[in-house]
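Structure first, then comments.
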Amino acid sequence: MSTFTHLDAEGNPNMVDVGTKKVSRRTARARSIVVLGDEIMDQLEGQELHTKKGPVFQTAVLAGIMASKKTGELIPLCHPLGLDNCEVHIQVNEQREVVIDCTARITAKTGVEMEALTGATVAALTVYDMCKAFSHDIVIKETKLMEKTGGKRDFKRPG
Amino acid sequence: MSTFTHLDAEGNPNMVDVGTKKVSRRTARARSIVVLGDEIMDQLEGQELHTKKGPVFQTAVLAGIMASKKTGELIPLCHPLGLDNCEVHIQVNEQREVVIDCTARITAKTGVEMEALTGATVAALTVYDMCKAFSHDIVIKETKLMEKTGGKRDFKRPG
Amino acid sequence: MSTFTHLDAEGNPNMVDVGTKKVSRRTARARSIVVLGDEIMDQLEGQELHTKKGPVFQTAVLAGIMASKKTGELIPLCHPLGLDNCEVHIQVNEQREVVIDCTARITAKTGVEMEALTGATVAALTVYDMCKAFSHDIVIKETKLMEKTGGKRDFKRPG
Amino acid sequence: MSTFTHLDAEGNPNMVDVGTKKVSRRTARARSIVVLGDEIMDQLEGQELHTKKGPVFQTAVLAGIMASKKTGELIPLCHPLGLDNCEVHIQVNEQREVVIDCTARITAKTGVEMEALTGATVAALTVYDMCKAFSHDIVIKETKLMEKTGGKRDFKRPG
Amino acid sequence: MSTFTHLDAEGNPNMVDVGTKKVSRRTARARSIVVLGDEIMDQLEGQELHTKKGPVFQTAVLAGIMASKKTGELIPLCHPLGLDNCEVHIQVNEQREVVIDCTARITAKTGVEMEALTGATVAALTVYDMCKAFSHDIVIKETKLMEKTGGKRDFKRPG
Amino acid sequence: MSTFTHLDAEGNPNMVDVGTKKVSRRTARARSIVVLGDEIMDQLEGQELHTKKGPVFQTAVLAGIMASKKTGELIPLCHPLGLDNCEVHIQVNEQREVVIDCTARITAKTGVEMEALTGATVAALTVYDMCKAFSHDIVIKETKLMEKTGGKRDFKRPG
């Protein structure tokens, strides 16, 4: 019988009190997929091959990690949290889409799925920013949680 | 003959110099679509009907506007900019998807599409955060630029 | 035999070392009262009646919660802290004054009265900002701590 | 025939579009008054006499100036603005109250009264923070706009 | 007959009023030099040769650019400014020292030397952070302004 | 057999996972030395003698403490951390150099040397900013770690 945990009895937005929850190691991994289109991918892959781990993706990795640390500042009702770590990995899949995975980990009373989602999303926006001079027809195709452990119930997206 | 404007001759990331560009009124509108699923939409619509413009969407509107002002802090190579204004509008479409439009406007030497995209995206993450106690199967289905005026070339997404 | 805890032996400002203090659950509630005047209250109540929990107060609630999370960034010698939760409640009293209560809670080595005060204050400034087009004669009449538990000595304001 | 400028036709919160307003030099001065009580004032004046312009007030001056620069980040619907300057002055009046004046100036399309109010308020909270080890019965007695020039209509508080 | 521009007649810190200064294109370039020692340089050059412009330096470049945008937030009496652009370049000199140059540009009423210095310094701290697992005997050997144009008087460091 | 802890197996930048490290009390002290030159030192010492604990150094102390709290925001791969305390002390040595010591302390899974270094560095930049109207020939001569306790291995700089 779930309810909107961020809304109190009068329908006002408020943070959830995590004071009595127990500390555990928690992880979450989120994914954003960016579709740049063939023209940009051609340019990008040329660039990347030259530098092995080229600057577009590395800039996005760092932007994602730094944004993940700012989650509590961006999402109004998120708790301000530390992080045990945060990792962003980017690869190109067979459909030539840019697949960004952000994994956040913490030992705390509350989970880090918003941290993972924020990291993946800002990494995706950074890829967009660095490629937008080529075309405005870039789409951040999809952002979602892939897995989550250490909270009340674990989650793993099928497939 | 476009190139990666954020990369210099040696492939290093760097901001673009806008010093000689001319000041003009610029606008951009971006859209994020969040799919919450029927279970959450049932709850949300009950809630919203009660309050006309209920707290989930209003929280997301404010989060989007505030994030839009932080774009230059989040996206590594974006210029730090003021804004003439920023508006976020949220509606539910016929497929029961949450459609978030963020419009940013500025009178400046450089455009605000990243501001619009950042606002739409953080509003979408906020909707996610406020509904995630119900389900982890929420998807930010798509984020993209809808239109843009005042820069080198205008853009309007067809359809 | 109190002294200025933020000043060291030479009169220099410095943070207090909380390294040896013990972790406990701490709460604090602060209150700000905003006097908008009858003209604005007439408008505001019309507006609020329409939407049950209208946008002016909800915007202020969110601004207060978000500012509370930034206390360590705003007040130079405050410790950077997480929060178990933060709640802002706003009501209109019999004198038609806007009464803003901010409650902050934490499980930590140091208290959260500045977090509660910062949250109440920024909520009050936000009410001001959203009503200032009507009149400049708005006054934030008073801001003070109402109660505090979990530290060296509890406090509860009489009345 | 004023309306809530931050609410659009549907009652949603939104920033005001200042794109067509004209640039002018604008100033605003706001005041916060902090009542510390005789016990703290005795300590503080002893301290201050020793250092001429002692550390409590100087810390508050700097906190106020720095907070003034963050106004657009704290108040959800304020525009992100630069500042021509910001000054905070603190004195003790005949009733032994701490009187904090914050003056902000800008050459822009929109005014800086929220910047002045935010600066005065955070300076007041900083005085509170540095004195709270003595007593919890400190009150920020009043915060208000004192004068304002350069906008649609000038304002000067009588008295 | 210079004086401390940040101190007013009573010796209080305050921002300088730039309201009447004229807008001009201004640039500044600052340099930080980091001495990592031979052991780390051996490792780093191995790493860098593999990736051409390896991740340590690229992370530092981005950290410097992002910090440069935060100068007004870090340095208490600096004006909040936009930037036309910011570039960070890193090279290794003949003494195997890491030489970091940060160039900031703006069209504004006040200069950007603090932006250039902040960018160079935070880039240097980032190189330090990424290498400190090897040794604590890393030294940021020197940070200084190299040149400056567009203000009251140009400056160019000899040699 | 050290390696670059911030780079993963593929050479990508990433935060170190501190989830399994044990909590201990950790301290670090860093030092920055600023050379202002005789002309400025004459002015500064006159000023400081007048006010006992003059405003230039106090502003720098506060800027250093506040920046230390922002370390995780500035240095891309640093963990977001609280702090038990942070102290900045400034003195003038026999060569008339300004010597800034920043000590940070925490009870956590990871150390605070970057917090100490960031605090010392931003204090140094603030001294620079407040004196730069006199001369551009100011040099931040050197920044380094002085000592460190509570981690895997203690460190104390000889001499």
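Observations on the structure shown:
Labels for the chains are A, B, C, D, E and F, by order of writing; each one numbers its residues from 1.
FYI, contacts are C-beta pairs under 8 Å (C-beta built on N, C-alpha and C of every residue); 3 or more make two chains touch, one makes a residue touch a chain.
Note that this is a predicted model, so its numbers are computed, not measured.
The set of chains in contact with chain C as well as chain E comprises A, B, D, F. Of all residue numbers that take part in the contact between chain D and chain F, over half occur on both sides, making this a same-residue interface. Across the two candidate interfaces, B-D and C-D, the one carrying more C-beta contacts is C-D.
Chain centres computed from CA atoms place F at the largest separation from chain B.
Between chain A and chain D the CA-based rotation angle works out to 180°, given as a multiple of 5. In whole angstrom, the spacing between the mean C-alpha positions of chain D and chain E is 31.
Our note on geometry: chain E versus chain F, Cα centroid distance of 16 Å, whole angstroms. Annotation for chain F: residues touching 2 or more other chains are 11-13, 50-53, 55, 58-59, 62-63, 66, 70, 76-77, 81-82.
If touching chains are joined by edges, the resulting network of the protein chains shown has some other shape, matching none of path, cycle, star or complete graph.
Inter-chain contacts occur between A-B, A-C, A-E, A-F, B-C, B-D, B-E, C-D, C-F, D-E, D-F, E-F. Residues of chain F that touch chain A in their complex: 8, 10-19, 72-73, 76-77, 79-82, 109.
Interface of chain C with chain A (complex): residues 25, 52-53, 58, 61-62, 65-66, 69-70, 81-89, 105-107.
For chain F in complex with chain E, the touching residues are 2-7, 11-13, 43-44, 47, 50-51, 54-56, 58-59, 62-63, 66-67, 70, 74-78, 113-114, 117-118, 121-122, 124-126, 128-134, 136-145, 148, 155, 157. Within the complex, the chain C residues that touch chain B are 50-53, 55, 58-59, 62-63, 66.
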